[in-house]
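Both complexes shown next keep chain A, but they swap its partner, so chain B is in the first and chain C is in the second.
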Partner chain A sequence: MRKALAIAWKDLVVLSRDFVSFILLLAMPLLLILVLGTAFGGMFVSNTAPFQITLAFVDQDNGEMSRLLRDEVLQGPDLKEMIRLHTFASPDDARQAVRAGSAAAALIVPSGFSQAVMGESKTQLEVLANPDSTIKAGAIRSIAEAFTTEVMARGAMVRLTLAELLSRNLIQPQEAAAAAARWVPELQSLQSQIRIQREQEVAPGAQLPGAMAYYSISMGVMYVLFAANTAGGSILTERRTRTLLRLFSAPLERRTVLVGKLLGVFLLALVQFLLVVAFTALAYRVSWGSSIPGLALMILATVFCLAGLGALLASLYRSESQAAAIGPAVALLLTFLAGGMWVFTGGPQWLDILSHVSPVRWSIDGFLTLMSGGSLAQILLPIGVLLGLGAVFFGIGFLRIRKSYDVA
Partner chain B sequence: MSLVRMEKLSKTFEGGRKAVDEVSLSIEEGEAFGLLGPNGAGKTTMVLMLSCLLRPTTGDAWVDNASVIQNSLRVRRAIGVVPQEIALYPTLSARENLEFWSVMYDVPSRERKSRIEELLVVVGLADRQNERIDRYSGGMKRRVNIAVGLLGRPKLLILDEPTVGVDPQSRNSILETLKELNGQGLTLLYTSHYMEEVEFLCPRVAIMDQGRVIAHGTQEELRLLVGEQDAITIQLGSVPPDDILDKVHAIEGVSAAHHSEGDLTVLSNSGRRVLPAVLDKLFDAEVKVRSVAVREPNLESVFLHLTGKELRD
Partner chain C sequence: MWRKAWIIARQFLQATARDRISLIWLLLFPIIWTTLIGAFSSGGNEPTPVGLVRLDSSSYAQAFQDGLSGEKAFQIRLLPTAEEAQSQVQGNNLPLALVIPADFGSLLERGETVTIMVWKTNRPSSYYLDELINKVTRRLAADAATAGFAVSKMAERTALTPSQAAVAWSEIFAKSEEGWRNPRIEVSYQVLTSEKEVQIPQGANQASPGFTAMFVLMGLFFGAGSLVNERRDWTLQRLLTTPTLRFSLLFGKFLGFFLLGAVQLILLILYGQFVLGANWGTNPLGIALVSAAYLLAAVGLGTLLAALARTSQQAEAFSILLSIVLGMLGGAWWPVEILSPTLQTIAKFTPIYWAVNGYNKLISFGEGIPALLPNLAILLAIAAVSLFLGMLLFRTE
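Showing the complex of A and B:
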């Protein structure tokens, strides 16, 4: 083991001597996290501030239903803390507020909305979204859809009831409209039925990761793969420079040489990711969650898996130029597939399933769970998958490399 | 007592190419043994088998009574290998390289520092030990390459063309160092296609061609194979016609003739007697002559005598 450690340490020192490449390898993910986190920040919910939506509200209806939507739903006890409501007189004013970024979305209740709900004519609520706040706008759209569905269903039920009462002369026609307006909201408390989707996904009191946090994971993981590929490529360099043959002629077992090389891949990837975690926590205020054992295990599982992938790739390459060309392409593809470049929120389910082919996705899932307040118990699946994949990758890589150097 | 013993050692590569063909040799403890032959003769393949890097197809070899097939770890403990390539980490310094390789060669940690310093003095790099290898000259790199081979205090140092690409001054320095180490009792197996190096360093020599040992013995014994012949070397100033070798061969007293890289080499029982006839043939063919030398046979002549080729072919 002493010799394997010496080989691994030597590899780290050799890589660090290529100063420009080494600094780029370490600094690039930090720079990318900053750029992507800043550019796509609006699409995410901050993980330090509470989840709040500033909503521009326009009531052109001035009826019972718009009052109900405003007072009982949007400003009801469940959503009041979350939604900061600004009422505007006209849709143009609201649109202007959204465009200026002072509101994440605008909700316009058209004229005649209440009447349409009671009658059978068509109507719809209009939601205007700020493209930089897609998640917040999506939440408002969910509320609007839930409200519309609910009141339409209740309106239909009231209409049926009133028709029955009228047919039996139990109620006068002039009393019917007033009864409908009174009965729809009172059939059941609407506010208890309407939740934004996000509330169902996140544990109470949990904080959601922001863009900086998200890209800290995805870019960090992607560069771990870059690092693993670079370190894996050193096996080919040693083959070219014949130092590998010299190692094989020294008095040590061949498997010690390979364990040392693979340990070097693992250590570089570990250093790389630890640096990303430490730097983003200090410089970008990214919270990696409160579960230290969970975080440590996730880091180890991620690095183990991706270092294994680096070893497997190294065993497939025939030259250093192949390593330089194919490795980064694989890293980019797996990160893209995992949704590491941008979030697949709202995408088709098959895409979500497909993304789990990439180990990067399992890493993202695990770290996101930790960042959202999850515990070690909640990330056992991603940890298990990553460790399993890593073992397979390392195993195949080890056997292939050993076979390719089985000269004696 | 033989430190190295090879018995019908053979290596056949995929496709049927026989790189080494039933070689049987032995090297005594403390001697410097030369393996001489042109490129592709099978020297490196033999070195790789003795270094346990290539498994023999048939036959076996023993180093310090350990078989390269059965007990390769023991063999590797007994040998130091200096490959043809500079097998070092170019971005590490000479000292860092030696520190790393000393771990690989089981140099005890308490001896490591003194061993490295001792070797840096031996190869003359003590004052530049902290410079990166990639900033060294070719000769300096070669010297560190040799120092790594010596780290584990080997019983046998195998050197595979260790002076390739080195300037004459560095080459002499390397050869002097190796001669000194051999004088201290270190056994050397030295492969080269430079006849002068082998002549300088190795009292006993095996000559290889096309995977076979075509002759072996002391330098004197090998020269006797050529007999009392002289070697005439004529440096040509223009390209001779294709049939010039046939014409020279036809001269009475000429036993072998070869043309390569602007030199015409002729073996004869009486160099001074055949020389005018050889020059006549050249002048008749309007070939310019730059210089003429007649000397006693050397290993080059032996190789020419045995194969009809020159070592550098």
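Showing the complex of A and C:
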């Protein structure tokens, strides 16, 4: 075993000597995490402002309703942080600003809006979107719709109540207007009877993992697979450069050499994953959970499984260029299938079943549970599956490589 | 000189066509990937499955269900029990599930607060799903508030038996609910475009141009990486011992890369057009111009990469990672607008951004060739600078 360790250590030293590659290959996943994390950061976390929206606002109404919309909604406590409001005098000016891209969207309140709302006539708010900012403009549309729902609801309350009272002769027509005016404060204080209670799988005190945390897992794991593939591929390099034959001529059992080589793949993947975890925890403030034994086991199980996959792939390649071409494709597809790039929940059932074929999926599940405050006991299944898969991968890889050695 | 360059280019193309491995990244993988992503990113139109447990059979619970079903973004899956809903969400089979409690209707009628439980996965989920649930809830809460308010006003003026009150409540609730079918105040939504009615890139129209641009870049990075292999295997040096100018050699290689990229691009465009249903055919000349400028930029960057990479492993690893990062930044994976303002600024330094932006102008926004001038100018500038630097830095030994 000591000899196998020495071989593994030698491989680790050789690979880390190519310092530039090592650092750059570490920088790439960190950059991917940053891009994905910031791209989806705002959109994914519920109940927070998704992003800053520059909104061109045109008030042709100058009435109570447009004031309410501007001051209480768009610049109210909930949305103030999210919306940067620029007021324009005419729809044409606002249109110009949206076209030029200096505003993501325009919201136009037509003249007579307040009157129409109070009365019986139809009216509409107009949202104009910049073609490059349809997501932000869509958010403005949602806000405008929430506002009109609220306004229509208040209107309907007065109208339907009056209609009911009039039809039952409980109020005289001439009293109606005065009664409606008296109801206003009462209507404003009405509270919603329906409460939405959102339950998420988050332990008390823990936070829901955000996009940055999510992509730290998926990109970190994908990168470990890249690294394991590169390390596995180095076995082929040794075969080409005949250094492997030299090792065989040393007083070592072939099995020991092979175990050492595979151990090297494992150690390299482990070091690189640990670096990703440490860097994302420090620089991106990703919380990897509070269970240290859980985290340690998840890391070991993930690395064991992916290093095993690297070994298995290495046993299937016939040349280094195959390793360089096929490994990354496998890593990308497995990560995609696991939902590591696009978070697809609730897709078709077959996709969910298929995604469990990917070890990346089990890693994501396990780490997410830890990040949401889960304990070691809750991640035994993913750990078991990863270790099981890893053992199978290593086993097949070991046998295949040994067989090819015998031929070599 | 030109003939030699052409021979070198032809030899490169023949070698690439024979190499089955490079075909994986040039064609097979891009096709699989674009198809998969195109299918998923049409998610803009695909409804999200939402679990619903109705423990209450009242008409109010039905109204809530109808409200949810009325949202195009949702596809309601009825589930028998709350436990089932919870386990579906835990197992990540559903992004969220709602539970309407057994006393939903009776509590509403009595004017008391009801709680709808929403289970969500611990995966990041969209902000808009919550918004839509809020929207449906707001309407229903408004119906209940209207009914409650009207009945309370009636009760102030006349004595109502509990059953009379219940009947009135239920009737007014239904009228209020009816009111949403023909809303008096609407929100019109219009995407401002140059002139015509256009589509925003999504589904295949986003995935096909985006990933075509990314994989062409990746393919050319790989192709240019072959220079590093040739240097390693000494075939490049051997070529230079023949009476071949360094210029002919490099020009021949560039020509080979360019033609390889062109073939790959054309095949991926045809695949996008005829299999994925992307709308590439609007302005063939415009597409050709953007493509040619982009290919030149990609050849330049590939050469620069080959000049900077010391080993073929480095070149290969960077080919993939770098093109993925540039693709994510440049709008190949998703519209650039979802990136932060800083990243959007950085995106403008990637050639993919200018290519995808150019394709979008043609495919989705129906613009003409004059609108492409900035894209062409920037792509050609990237090509000129990177080719110059690449040639300057590339060592044949």
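To be clear about the criterion, the second predicted complex is superposed on the first by the 245 of 408 C-alpha atoms of A that agree within 3 Å, B and C clash if a C-alpha of one lies under 4 Å from a C-alpha of the other, contacts with A are read in each partner's own complex, and residues count from 1 in each chain.
The rule is simple: a residue touches a chain if its C-beta (ideal position, glycine included) is under 8 Å from a C-beta of that chain, and two chains touch if they have at least 3 such contacts.
Computed from a predicted structure; not experimentally measured.
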Check your understanding: Is A:T241 in contact with chain B, with chain C, with both, or with neither (first, second, both, neither)?
Key -> first
Exercise for review: Using the touch criterion from the header, give the chain among chain B and chain C with more contacted residues in chain A.
Suggested key: C
Review point. Taking the superposition as given, does A:S249 touch the first partner, chain B, the second, chain C, both, or neither?
Key: first
Exercise for review: Report for A:R2: first if it touches chain B alone, second if chain C alone, otherwise both or neither.
Suggested key: first
Check your understanding: Does the superposition put A:M157 against chain B (first), chain C (second), both, or neither?
Key -> second
Check your understanding: Is A:R17 contacted by the first partner chain B, the second partner chain C, both or neither?
Key -> first
Review point. Do chain B and chain C touch any of the same residues on chain A, and if so, which?
Key: 18
Practice item. Please give the residue numbers of chain B that touch chain A in the complex, ascending. Key: 48, 51-55, 72-73, 76-77, 79, 81, 83, 85-92, 96, 100-101, 103-106, 132, 148, 152
Practice item. Name, in rising order, each residue of chain A that touches chain B in their complex. Key: 2-3, 6, 10, 13-14, 17-18, 241-243, 245-253, 407-408
**Study point:** Complex contacts: residues of chain A adjacent to chain C
**Key:** 18, 20-21, 24-25, 28-29, 31-32, 35-36, 38-40, 42-48, 50-52, 95, 98-99, 116-117, 120-138, 141-142, 144-146, 148-153, 155-157, 160-161, 164-165, 168, 170-171, 183, 186-187, 190, 192-202, 208-211, 214, 226, 230, 233, 319-322, 324-326, 328-329, 332-333, 336, 339, 341-347, 349, 352, 365, 368-369, 371-372
Point to revise | chain C to chain A touching residues, read off their complex | key: 19, 21-22, 24-25, 29, 32-33, 36-37, 40-41, 43, 48-50, 90-96, 107-108, 111-128, 130-131, 133-135, 137-142, 144-146, 148-150, 153-154, 157-158, 168, 172, 175-176, 179-180, 183-193, 198, 200, 310-314, 316-318, 320-322, 324-325, 328-329, 333-341, 343, 364-365
